[in-house]
Structures are given as structure tokens and as C-alpha cells.
Amino acid sequence: MADVKVYQLSDIGKSLQNMIEKHYQSGFWIKAEISKLNYYPKTGHCFPDLVERKNGKIKAQMRSIIWSTHYQKISKNFLQIAKTPLEDGMQILFRAKVSYHQTYGFSLQILRIDPKFTLGELAVEKEKCIYKLKQEDLFLRNKNLASPLLIKRLAIISYNTSKGYADFLNIINQYKNEFKIHYQLFPSLLQGDKAEQQLVEQLQLIEQRKTAFDAVCIIRGGGGEVGMNCYNSFDVAKTLAEMSLPVYTGIGHSTNETVCEMIAHKNCITPTDFAYDVIHKFKDFALRVEVAQQQIELTVSHAFIYTNKYLQGISINLQKQVHNLVRFQYQKIKQLNTQCQLASPRIVNSARENLFQIQNGIKRKPVFVLHTASQMLNHQKRILSLLSHQILNSNQQLLANQKQRVKYLSPEHVLKRGYSLILKKGKIITDLDNLKKGDVIENLTSKGKIKSSIKDIQK
Amino acid sequence: MKKMKYNQALEELEQIVTEIENEEISVDDLAEKVERASKLIEACKGILSKTEAEVEKILKGMEGEE
Amino acid sequence: MKKMKYNQALEELEQIVTEIENEEISVDDLAEKVERASKLIEACKGILSKTEAEVEKILKGMEGEE
Amino acid sequence: MKKMKYNQALEELEQIVTEIENEEISVDDLAEKVERASKLIEACKGILSKTEAEVEKILKGMEGEE
Amino acid sequence: MKKMKYNQALEELEQIVTEIENEEISVDDLAEKVERASKLIEACKGILSKTEAEVEKILKGMEGEE
Amino acid sequence: MKKMKYNQALEELEQIVTEIENEEISVDDLAEKVERASKLIEACKGILSKTEAEVEKILKGMEGEE
Amino acid sequence: MKKMKYNQALEELEQIVTEIENEEISVDDLAEKVERASKLIEACKGILSKTEAEVEKILKGMEGEE
């Protein structure tokens, strides 16, 4: 141990101080999350615990300090630009000086905070929230609930002393004789980081009693434009979106619309507007009832007038149709009468025409028949004459032939050709047996008789 | 000639016309047949005239009613 | 010659003509037959004339009625 | 020769002619037969002439009527 | 003519007129048919008149009530 | 006519008018049908009057409450 | 009481009005419908101006009728 150099604690402290001050002479821009702000209003100092997370786990952790003089300026500037105070859980970009103090140790002194970075981070957070709501199909859920025709029973999330609540009641009370509204207050902080949980709790409480109400409203007013981040919280937004009752918002601010307002059944901007909305629904309902009542009286009387007219119309039409029918039948009978008048003589005329034709036929034919008969008789006569002459002529011919034949066969005709007949004692000899030598015979010729005697007979 | 139906008369008449046309009637019967036809025509004409007058009268009456 | 039907006369006439045609008539009968035929033709013509006159008269009568 | 029928005369004539042609007649009779035939022919001619004149007269008479 | 339904009468009337127009009626039946048609027309007109009067009375009664 | 629904009566009435218009009703039935139509119109009017009175009373009652 | 009761009452009322306007209600049902509308108007007016308990009573009463 004797060889070992032993330092005083202060030596180390001084060495560290020197080294750090030498190494971290100027300031740095650092990005971190405020895990806890640790503001002490009495002294005005602030000792934020800073963390860096990765995948939910703490990767680095450091304490920091904002001196009251700085804090006043930083806080004011931040609120002005980011529209929200510095809060636990906020991502910030800050310029810091790293220092080491022998007594107090290591410290990170925050000199400036860039509110625009946080604003950007918040915007990113808001976008993420919207994205998640859409992912879970919650973004339009409350909007898509049926709008109550009338908000007679209302659950109000507000704060007793809230100016917005007072504004709302003020207007509602003006109409209390005319329109009876039942409402119940569910108190809750309305801004700042503590508001988130209360809002969620009250919404859940109302959800348990959902049958007792027609609608829910979140009313806030009179407050500044700051501390609205709770309305961008995913937890609050999800709870709101999942409500069975329509949720109205009247948060009364002029900054960008928060997520809750976006997904609310209806964002009325201010409590007053919402109050008028409620009243308007009453008036609207009243008007519709009124109109319906008037319409009924009017339409009923119209219906009677119309029905009466219709009946009358039918009655008139009945008369008309009856007359038409009768007239038509008269017309028909008349038509038939005319047809009968025209057609009847036609039958007689056509019969007469037919008769005339027949008569003409009879006139022509018998004359023709007689003429033909007469022709035929003449023909017979001619034939008779012809045939008679034929017979006579053929007999003439026949006689001429016979005469010719007789002439050729006569003996004179034979002797003329040189033949002669032998006669013996005046008789013609045809057989030689009856002759003998010495017999005297006569030869007869055409010129005369020769007497001779037979000298010889040769046979 | 006795009272005779028009249709009956017309039928007989047409029969005669057909016979004459077809020369089925001998010269001996011709005059008689023509005589008959003539009588039938006369009868038909008579019936026609009578019918015409009757119809005329009825139709006149019908028109009068209107 | 007695009153005689046209058809009957015509028949006899045709008979005679046919006989002559077929030379069934001897010269001895010829004159007599021709004489008969002549009479028959005469008779037929007479009937025709008479019929024609009658028909004419009937038809004239018909026209007159019209 | 007495009045004699044409047909009878014609028959006898034809008979004679046939006999002569068949030489059934002796030379002695021949002349006699020829004589007879001649006479018969004359007779027939006479009848024919007479008949012709008669027929002519009847037909002429008929034509006159036409 | 006995009391008769209008439709029945009209139908018969139309039948007759059609027959006359198509010349399906003989001359013998014509006068009778025309006579019948005339009677039917008369009957139809009568029924029409009566119906018209009745209907008129009923309709008049209706108007009076109004 | 028994108590009858307006609609039922109106329907029957319109049916009758349509039938007359389309000449589906014969002249023989016309008077009877018109009589029925007349009764139906009367019935409809009666129902209408009665309903009108009732409605009037209800509406009067409503006004009174206000 | 279910929260839709207000809506239902008004909607039924307006439905009746539309039906009457569109002549979807027959004369037979008219009085009844007007009666119902009258009751609904009363109920709706009650909803607006009366306390919850009273309204409940009115609407209960109506349901009984239905």
C-alpha cells in the first residue's frame, strides 16, 4: 500500500471537474424525455429526470437542472410556442452544459429548450394516436352512432367551477320552463397531465350507466389554450371512442382540433355552442311535432276534399259511361237497320239478274236446236238422191255387161271368126260315130251353106 | 200455274235450261218445254215483284220509326 | 200422211237411207222408197217449221212481258 | 213380153247367160236362148229408165219445196 | 213479340242481317226475315228506351242527394 | 245495404264503372248495375261523412289540449 | 325507458302524416290513424316539457294501446 498513491477526494473531484470542463467547454443540443419534471414552485428551480428509452427499456438516465432564472424564460417561451406547459413524459430538445461540482457532483444544466421540437414530437404523437385509432376501427365509431333526436338526459364531464359549465347551465336554464333537461355532472380535471386519468375514469363510469343518459358531453371553458394534450391521449381517445353513448365536446379553445374533438360524435367547439345545440334539438323536436300536427289537420282535410271529389268524379263518369253505352247500342241498332235496308233489295236484284240470264239462255238455244235439225234433214235428202242414182247407174252397168256377154256367145258371132257348123239332115253333128262314108252333110258358115258328101272319116 | 215457291220454280227452270243446253230435249217436246220455262220465269218474276213490294213496305215502316 | 211425230219420222227416214245405202232395196221398190223418204222429210220440215213458229211466239211473249 | 218385174227378168237373164257359158245348150237352142236374153235385157233397160225418170221426178219435186 | 232479352234480340238481329248481307236467305224467306228483323229492331229500341229511362231516374236520384 | 267498408264499396263501384266502360255489361243488366252503383256511392258518402265527423272531433280535442 | 322512445314516437307520428299525405291510408282506417297521431302528438309534447317520470307514464300508456 506504501507504493500506492493516495488521492484526496477533492483531488479526484478537481481532476474530474477539470477534465469535464475542458472536454465539455461549450454546450450541447441533447434530445431526451422528461420522465419527471420536479419543479419546485417555492424556489423556482426545476430538476427534471431525463431518460432515453429504447423499446420501452431505459437506455440512459440522467438528472438535470434548470435554474429558476432560466426556468422562467424557458417555461414562458415553451408555453407560448408549444401551447402546452412542460410536462412529464414530454420529449424535449435542449441545450445543456455538462458540469461537475466537487460537492454536488455531476450535473446537466439546461440552458434552453427548443419548444418547436416538442411541438413536432407532440404532433407526431397525435398522428400516431390517430393512426392507432384508425387501425383499431375506432376513429369514426362514436361519430357513427345514431344522433339522438333529443338530448333530454345528459351526462356532463366538467368541473364545478369551470366557466364553461357555468356558461352551459346559464343557457339551459333560460329554457327550463319550456324544455325539461335532466343532467348530471361527472367532475374531472379538464387539462394538464392529471386530467387524462380522470377523464378516462369518468367516461367509464358513465358507460356503466349508459341507459340513464341520451348523450355525454365534455365541457371546458375559460381556461387558456394550454394543457390540451390530455385530449390527444390515446387512452382518453380510445375510451371516448368506445362509449355507447354519443359524446359531444365543447372544450373551448382555438388551437388545432384535438384527437378527442376529432372523434367525438360532434365537436361543438364551445360549451355555449353545445348548449344551443341541445336547445336546438328540443326546438327542432317541438317544431317537428308542431308541423306534424298542422300537417295532419291539413292533409286530413285535403284527403276528405280529394276523396269527395273522387267520389263525385266516379259518379260523373258512371253517368257518362252509362250514356255512352246506351248511345252505342242505339248506334248499333241503327247500323243494323241500315245494313238491313241496303242488303235486302240486293237479294231481289241478284235473283232478278239470275232470272234474266236464264231467260237469255232459253231464247238462244231452241232456235239453234231447230236449225240443226233442219240442216240434218237436208243432208238426208242429199244422201237419198245420191244413193238412188248410184243404184240405178250400177244396174245400167250390169245390164250392159250381160248384153256384151250374150253377144259373144251367139252362133253368128262364132261363125264370123271362120268356124262352121256341120249339119246332117238339119241337125248339128257333134259326134262322128253317126256318120259314114258317102253321107251328105251341110257346112254352115257366116257367108252361106255348103252341101257336100263324106269321102273318108278319120278318127 | 199454282202458287209455287220461288226456289222450286227456279230449280225446275234451271233443270229445263240444262236439258235444252245439253240437247236432251227432242224437237217434239221443245215447244212445250220452252212454254214451261216461260211460265216459270213469269212466276219467278211475279214472286220477286211481290217480295220486293213487301220488303219495301217493311223497310219503309222501319225508317219511319226512327 | 197422218200426223206423225218428228222423232218417229226421222227414224223411219234414217232407216230408209240406211237400206238404200246397203243396197237392200231393189230397183223395183226404189221409186216407192224414195217417194216415202221424200214424204218423211217433208213431214219433218213441217214439224220443224211449226215448232219454230211456236217457240218464236212464246219467246216473243216473254220479251213482251219485260 | 208381158210386164215383168226387173228382178225376175234379171234373174232369168243371168240364168240364160250362165247356161250358155256352161255350154249346156245345144246349138239348136242357142239362137233361141240368145234371142230370149236379148229380150230380157231390153225389158230390164226399160224398167230402169222408167224408175230413173220416176225417182228424178220425186227428187226434183222435193228440191222445189226447199 | 213476347218480352225478350235485349242481348238475345240483338244476337238474332245480327244473325239475320249477316245472312241477308251474305245472300244466304232465299227469296221465299226474305220478306219474313226482314219482317222479323224489323220486329227485333223495334224490340231492341223499346228495351233501350225503357232502360234509359230507368237509368236516368236512378242517376237523377243520386244527384238530388248531393 | 249492410255496413260495408269504404274501400270494398269503392272497389266494387270502380269495377262496375269499368265494366260499363268496357261494355261488359249488357243492356239487360244495366239498370240493375246502375242501381247498385248508386247505392255504393251513397254508402261511400255516408262512410266519408261519418269519418269526417270523427276526425273533426279528434282534431278539435287536440287543439283544446294546447 | 329506452332512449329511442323519443325518436320512435316522433317517427311514428311523421310516418302517419306521410301516409295520410300519400293517400296510403284508406278512409276506413283514417279515423283510427288520426286518433293515434293525436296520442303521439300529446306524448311528444310531454317529452319536451315534462319531467322524466311523467314522460315515462305517458309513453307507457301508449305502449299499452299498441
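For clarity, chains are labelled A, B, C, D, E, F and G in written order, and residue numbers in each chain start from 1.
Here is the rule we go by: a contact is a pair of C-beta atoms (placed from the backbone, for glycine too) under 8 Å apart; a residue touches a chain by one contact, two chains touch by 3 or more.
Which protein is which chain? UniProt says A = Exodeoxyribonuclease 7 large subunit; B, C, D, E, F, G = Exodeoxyribonuclease 7 small subunit.
Given the structure is predicted, the values throughout are model-derived calculations rather than measurements.
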| item | value |
| --- | --- |
| Between subunit C and its twin subunit D, rotation from the CA superposition, multiple of 5 degrees | 20 |
| Same-residue or different-residue interface between subunit B and subunit C, half as cut-off | different |
| Subunit B and subunit E, separation of their C-alpha mean positions in angstrom | 34 |
| Rounded Å distance between subunit D and subunit G, as computed from the means of their C-alpha atoms | 155 |
| Centre-to-centre distance between subunit G and subunit F (centres being mean Cα positions), rounded to whole Å | 29 |
| Whole-Å gap between the CA centroids of subunit B and subunit F | 67 |
| Multi-partner residues of subunit G (at least 2 other chains) | 27, 30, 34, 41 |
| Subunit A: positions in contact with at least two other chains | 293, 296, 300, 307, 315, 318, 322, 326, 329, 337, 340, 344, 348, 351, 359, 362, 366, 370, 373, 381, 384, 388, 392, 395 |
| Touch relationships between chains, expressed as pairs | A-B, A-C, A-D, A-E, A-F, A-G, B-C, B-E, C-D, E-F, F-G |
| Residues of subunit E that touch subunit B when the two form their complex | 26-28, 30-31, 34-35, 38, 41-42, 45 |
| Interface residues, subunit A side, partner subunit C - complex | 359, 362-363, 366-367, 370, 373-374, 377, 380-381, 383-384, 387-388, 391-392, 395 |
| Subunit F residues within the subunit G interface of the complex | 5-7, 47-48, 51, 54-55, 58-59, 61-62, 65 |
| Subunit B residues touching subunit A - in the complex, by the definition given at the top | 6, 10, 13-14, 16-17, 20-21, 23, 25, 27, 30, 34, 37-38, 41, 44-45, 48, 51-52, 55-56, 59, 62-63, 66 |
| Footprint of subunit E on subunit A - complex, ascending | 312, 315, 318-319, 322, 326, 329-330, 332-333, 336-337, 339-340, 343-344, 346-348, 350-351 |
